[in-house]
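So, here's a batch of structures to check.
You will see two complexes here that share chain A, one where it goes with chain B and one where it goes with chain C.
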Partner chain A sequence: MTAVAALIQVLGGLALAPLLPGLVQSLKARLQGRRGPSPLQPYRDLRRLWGKSGADPQPTTLVYRLAPCVVAAATALALLLVPIAGRAPDWSLGNDALVLVGLFALGRFALAAASWDTGSGFALMGSSRDLTFAVFGEPLLLLALLVAAFPAASTDLVAMSVAAGGSAPWGEPAHWCGAAAFALVVLVETGRQPIDNPDTHLELTMIHEGPLLEYAGRDLALLEWSGAARHWIVLVLAAELFGPHWGGFWAQLGWLALGLVALCTALAATETAQAKMRILRVPGLLAGGCAIALVGLASALVGGLV
Partner chain B sequence: MGAAETAAVLGAVLLLAGAIAPLVGLPGGIGLCLQAGGIGLAGAVGVAVLCGAAPIGSGFHGDLTPALGVDGLSGFFLTTIAIVALPALAYGREYLRGAPRERLLVALGGLFLLSLGGVVTARDPTTFLAAWELMTLAPAAAILARRTDSEARHVVFVYLAVTHLGGTGVWICVLTLAHYGALANPGAMAEGGVAAQTVVIVGALVGFGTKAGLMPLHAWLPRAHPVAPSHFSALMSGVMVKVAIYGLVRVLFEWAGPVPLWVGLTLLAVGLLSALGGVIFALVQRDLKRLLAFSSIENVGIVALGLGAALVFLWEGDRTWAAFAFAAALLHVLSHAVFKGLLFLVAGSIERTVGSLHLDRLGGLLGRMPWTGGAFLVGAAAIAGVPPLNGFASEWLTLQALVHAAFGPSLGTGLAAAVAAAGLAATAALALFCFVKAAGLVLLGAPRGPRAAEATDPGPAMRLAPFFLAACCVGLAAVPGLLLPALVKLAPGAPAIGAHPSLELPGTGSLPSPWLLLGIVVLSAVAWRVRGERRAAPVPAWACGQEEEAALQWTSAGFTKPLVLVLQAVLRPRREVEVTRHGGLVASVSYRGEVPHRFDTHVYRPLRSSALAAAALVRRIQSGSVRAYAGYLLALVLAMLVLLRVGAIG
Partner chain C sequence: MTQHRAAPPARQATETASVPATTWREACLAERDRGGRFRGAYATATDVGHRWTALFADGATTRLLSTEVGAGELVPTIVDLFGAADWDEREARDLHGLGFEGRDSARPLVAHPRETASWTVPVRGEGPYQVAVGPVHTGVIESGHFRFHVVGERILHLDPRLFYKHRGLERAAEGNSPERGLAFAQRACGACAVTNSVAYALAAEAAMGLVPDRDTRRGRTLVLELERLYNHLNDVAQICAGVGFAPGNMAFAALKERALRLNHSLARHRFLFGTVAVGGGGVEVSADDADALLGGLRELGEDFALAWRELSFAASAQARFGGVGELSATDVEALGAVGPAARAAGIAVDGRTTSPGLWYGSDFAPAAPPEPSGDVAARLQVRGVETAVTFELLRELLAEPIGPGASEHDEPDPRGVARVESPRGETVCAVELTATRRIARVHLRTGSYANWPVLAHATAGNLLPDFPLINKSFELCYACADR
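For the complex of A and B:
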């Protein structure tokens, strides 16, 4: 069964990940009364990009060329850390939640450095906003993970996922608070409304798309895949740590699939109902999420004392 | 005398000879070589003792007889000093050649190293305090030997004033400890009562905290570090502030006995303030060296967070995690020494060739100075705390300590640790922001000034010294776990753990650093390979169809603007825009913007003005007239007679 988990980690991350943003876009279109693209559209985009040649903006150095590769590598490693249905094969990479936070940061570093390398104003605008959000998003992610790690007393993602299984966690206020905080993490890390608008074609409003503007061809394909894989990582984590799941491996796998569909629907509904926020108000929202997570932790600590 | 003792004595003698040689007319190069030999030997002794050799020299005592010795903790700090000092000395050989007062600077460098080594190996109060004072004075002299303009003199004045005012804390602390005999017998302070213990702890926090640059006692640091010669700055930021951490560790974990909970919580609070405050002010600096100086405050804050977590664990009785938190702090000491030394050396090379460290006048240096630029990029990634480099390893360990402290059992300490952990996460994100900005403005894009366009790499010594430190960053990143058992052993009552290359701790998913490093390198190479090299013709970056010109380039202020706006209420940035019009047409626009250092205006300025007001008040009775003083004497005698008469005294 661990072998199946390994297979889903690799194949799911590599092949199924683009389905998630595709599903969100397609559901969103339906909710908005449009026919919209097929959920398979991201695959078509990737195929098209793979056949095109890359761009060579001047003056750039190795940093620009290397960035898509580093981002893809960091994302691929992060994929291997996330357990599937409470199981993870031993890739000798550990399964630490905080290492995952670090790998996300590596991707951000590489892209921001590449933005400086091209010197493009739009790319830098995007990455400066992205980094500003990260200043509030990273503590939020850490606190949400901390609340999830509390029952297991460990930051091992496998142990955290096991501890979140069954019906017991749902009686704890901490679990609810953690879930609320993690919902905000999902919005930040996937770059969805109300925090960022993934559909924008106006450079001035771009956040996550901005640093990608100077890329084309296979570079862009790697970056687009990384974006899809981030959806996969964050949504699988949300389902594993805060979604309902119990029973044996196969039952949990079913719960995971259900959870992913439910989360995509929720993202589509949020994007339909919510307009993008003013950029300067996002940190307040994220700080609110931190406060919720801290309240959750306090309730868990009090519960532990009784 | 065993081999280790001989090596230690020889090291000290060589260092002393290296400090004296330039003063008696020998060339500076010989002095630097002697010093390098001396500090190298001392570092080797440190490594040996750290890795399990028996401690050498005398133990601690409270008498007046001078005594020296090396135990595990001293060994660790000696190693740290040597790792930074060796490349700094090699760098100094080329950096100082032909500089005015070269020999004096070499001699002062030797004196500085001698005093740093003296503090960590002193085994009695007199030697400790003498070395401590020398450690403060040597950099001040070096700054003045290089620059004598009024700005440098003012900086030195502030440096000496703040560190000496704070330094009284060290004297009070060490002398009280000596009085109670706690230096030789760590249990003695517990018998001295709460009041004496509190005096010792507060003295240590203020005294060592000032020298370490902990906020709000940091005012001297961002002033003094940038004006010193670069290899001195590397030693000051990389090592001197760490030697203050050494003092703090000795007092809080050994001499003061079991400390109460408030000490741990205070360290957490001060550490959090320094980490966040340091990095936020680093982010808004425009001068590279000033940015690096503020970032030292941040990193000392991270070390303080680790130490605070260790004290909280000790209070809770969890010795295992106390030892891990303690090791996290020490690992960060070493990590920061390595990459901050590297960054200051690189800053010196850039200043030498470009003539300025103003961030908005550099740019494009990675292609023009590949050695220096490459080392800077590694250092920036390491200090930004991205995996798989060494900054991430020590921050991960500190973060794990705080997260495990947040698991309880008590509500208060749990929440405090959770807030500190969240603050550390924000610090890491801010450090990434700050160093991506610095690397981008210095290394990438088009040159932002004529001299940056003509920059070239310096000579071999100035190339290889940062390169060596960059290699240390990668080495430390690959196998931090091999060092961990030695660091854990230094903590009080620590468990024995095995040595793995990875960081494997109970209650974590482990940080398999060698595999992570390998994974990132291999997967990036694979991605590079499958992507291929097919590219369209070179084009300029997209600027809405305009030609990309110098005036369109992004600046330091522009990149940090969103964050500064978000933190407006705290930072209170100042901004002036003046538009001059001629006949309805805009003739010129001038812009001035800055983020003031509010600690200076809101903490230090009121303190300074009230001190001056108090002095003015005292001066009013100090008229200088003999008659007035005779009057004071008479009044005093009369007052005492009256008091005697009414029976208040006598």
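For the complex of A and C:
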């Protein structure tokens, strides 16, 4: 069964991840009264981009050239940390949640550095906004993970996933607080409304799209895949750490699939119902998420004492 | 000179006066003191140099004030008295070589020199930098370059640069017959084709001594309001797109599409090309056509009311509109803003109150938003109020069929002028004819042209990512400027 988990971990992350943003786009189109693209559209885009060569704007250096690989490598590594249905093979990496935070930060840094390298206004604007949000988003991710780490008494993602199973966690206020905070993590890490608008063509409003504007071909394919894989990672974590899951491995696998579909639907619904927020209000929203996570931590602490 | 025309069929009254260049500024000031609003200025080549004409709107009357300048002589600037004259003077310098006296600088407008410093306003201080957008955009937008001077996300100043696709339509129209000249005005812009055509037709008719009859006036008013309808629906959809509010965008885009199809059913053209002709006619509505159109409009009106209601209750979208892109009533007066942008700031100007050549009732009142705060929210509100009024006007116009129009003969004006309210504001057209009845000069100053500098002004102090929203709340045409 660990072998199956390993298979899903690798193949799911690599091959199934583009299905998630595809599913969100497709559902969103339906909700908005459009026919919209098929959920498989991201695969077609990736195939098209992979068949094209990249282009380097002049003058750029190695920083720009390496960024897509660094981002993709960091994301691929992060994939191996995330357990599937409470199991993870031993890749000799451990499954520490804090490493995940670091890997996300590494990808963000590589892209920000590449934006500096190109000197493109839109790339820099997008990166600067992304980094500003990260100041609030990273603590939010960390705090939300800590809430889940409390019952497991460990930051090991496998232990956290196991501890979050069954019905017991739902009696804890901390779990609900953590779930609310992690919902914001999902929004900020996937770059979706009300925080960012992945569909916009308005270059002045871009956040995550901005740094990608200069890239083309395979480089862009790597970055697009990384974006899809980030969807996979945070949505799987959301389902594993804060979603309902019971029973043995196969049952939990079913819960995971159900959780992913439910989360994609929720993202599509949110993106349809909510306009994009005024940009300077986003840090406030994320800080609010941090506060909720802190309340969760406090409640877990008090519960532990009693 | 216009008394005998007061009785219907009416036409727009014009008064012309000529003053020496030395008293130009005083004469313009006197016009303002009489209650005239500056509505553009244009140069005409003469045997000895240029004639520089400024237009002032005073109720239904348009007063033309001109001065003759010899080759190489300078015209005293009025930009310090009328901020709205800035683009007109810069354009005259670039296109006609007219020089202005008393301006610190006349930065190029239509001409595009390479050096950024030559056409932007210098912004100094600690930490401002420039963000350049366009003329090639990531979306399907017309060509325009925007240079933002920003600190962080805050916009200090915006220099727009248009005229990338300037076609020289005014020059190209010269020498043609007044009837043929219509094509040049119509093709200036797709979204304002009707307004530009009607403004040109009225101006040309005034210069030819033609007065449109009742059917022509009603027909033109009908197509003008149909144009306003689809434009306002489009603008509301665009404002929703500006905040990423997809349901609003989709709903109003769908309504716009239905309006375009109604246009097609009436005129065989979605953008109502070919519905205006010099001397009358152009659009004819039989009783059956009127009924069909009324039915379509009634359904559209009901669905518009529903969609508008839903948008009013969309809290996340509405939260983005207030306090963004504010324009004060003082700014409107100083910069000569027109159209929904002016009315949203509480200045009740609407070309439809002063259009005797058209078919608006004498009781027509400019739309007033519930809260004339001059921001994006108010501009959106104005469009909502006006769309409802447009449905009402269309219902009245279609109550009886519209026959093939014609016009009656009357005394020609030396220079024909017309002012017509476009969806974006008052459009002014002036036509001068030669002795052989050929076009000597056409000048088209659209609502968009008047409002572009106003948009730049309303942008200052806002956040950079809010600019697309502010831009869409004005929703100006580039083609109307690049004519």
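We take it that the second predicted complex is superposed on the first by the 306 of 306 C-alpha atoms of A that agree within 3 Å, B and C clash if a C-alpha of one lies under 4 Å from a C-alpha of the other, contacts with A are read in each partner's own complex, and residues count from 1 in each chain.
Quick note on the criterion: a contact is a pair of C-beta atoms (placed from the backbone, for glycine too) under 8 Å apart; a residue touches a chain by one contact, two chains touch by 3 or more.
Predicted, not measured: the structure shown is a model, and the values here were computed from it.
Enquirer: Clash or fit: what happens to chain B and chain C when chain A is overlaid?
Expert: They clash.
Enquirer: Looking at A:Q193, would you say it contacts chain B, chain C, both, or neither? Reply first, second, both or neither.
Expert: Only chain C; A:Q193 stays clear of chain B.
Enquirer: Scan A:A149 for contacts with chain B and chain C and give back first, second, both or neither.
Expert: A:A149: touches chain B, not chain C.
Enquirer: Counting only touches as set out at the top, which of chain B and chain C does A:H201 meet: first, second, both, neither?
Expert: It touches chain C, and chain B stays clear.
Enquirer: Could you tell me if A:T265 is touching chain B, chain C, both of them or neither one (first, second, both, neither)?
Expert: A:T265: touches no partner chain.
Enquirer: Counting touched residues of chain A, say whether chain B or chain C comes out ahead.
Expert: Comparing chain B with chain C, the partner touching more chain A residues is B.
Enquirer: Tell me the contact category for A:V63 with respect to chain B and chain C: first, second, both or neither.
Expert: Once the two structures are laid over each other on A, A:V63 reaches chain B alone.
Enquirer: Looking at A:S38, would you say it contacts chain B, chain C, both, or neither? Reply first, second, both or neither.
Expert: Touch status of A:S38: no partner.
Enquirer: Identify the partner contact of A:L213: answer first if only chain B is touched, second if only chain C is, both if each is, neither if none is.
Expert: It touches chain B and chain C both.
Enquirer: Which partner chains sit in contact with A:L301 here, chain B, chain C, both or neither? Use first/second/both/neither.
Expert: Only chain B is touched by A:L301; chain C is not.
Enquirer: Where on chain A do chain B and chain C both make contact?
Expert: Of chain A, residues 121, 203, 213, 279-280 contact chain B in one complex and chain C in the other.
Enquirer: Taking the touch rule as given, give the residues of chain C at its contact with chain A in the complex, in rising order.
Expert: It is residues 131-133, 137-140, 153, 240, 242-247, 250, 254, 314, 316-317, 319-320, 463-468 of chain C that touch chain A.
Enquirer: Which residues of chain B touch chain A in the complex?
Expert: Touch list, chain B to chain A: 364, 366-367, 377, 381, 384-387, 392, 396, 399-400, 403-404, 406-411, 414-415, 418-419, 421-423, 425-426, 428-430, 432-433, 436-437, 439-441, 443-446, 502, 507-512, 515-516, 519-520, 522-528, 530-532, 534-544, 548, 552-554, 558-563, 565-566.
Enquirer: Over in the complex, which chain A residues touch chain B? Could you list them?
Expert: Touching chain B: residues 53-59, 61-63, 65-66, 68-70, 72-74, 76-77, 81, 91-99, 101-103, 105-106, 108-109, 112-113, 115-124, 127-129, 131-132, 134-139, 141-143, 146, 149-150, 153-158, 203, 213-214, 216-219, 222, 279-280, 283, 290, 294, 297-298, 301-302, 304-305 of chain A.
Enquirer: Going by the contact rule at the top, pick out the chain A residues touching chain C in the complex.
Expert: 28, 32-34, 121, 125, 193-194, 197, 199-205, 213, 271-280
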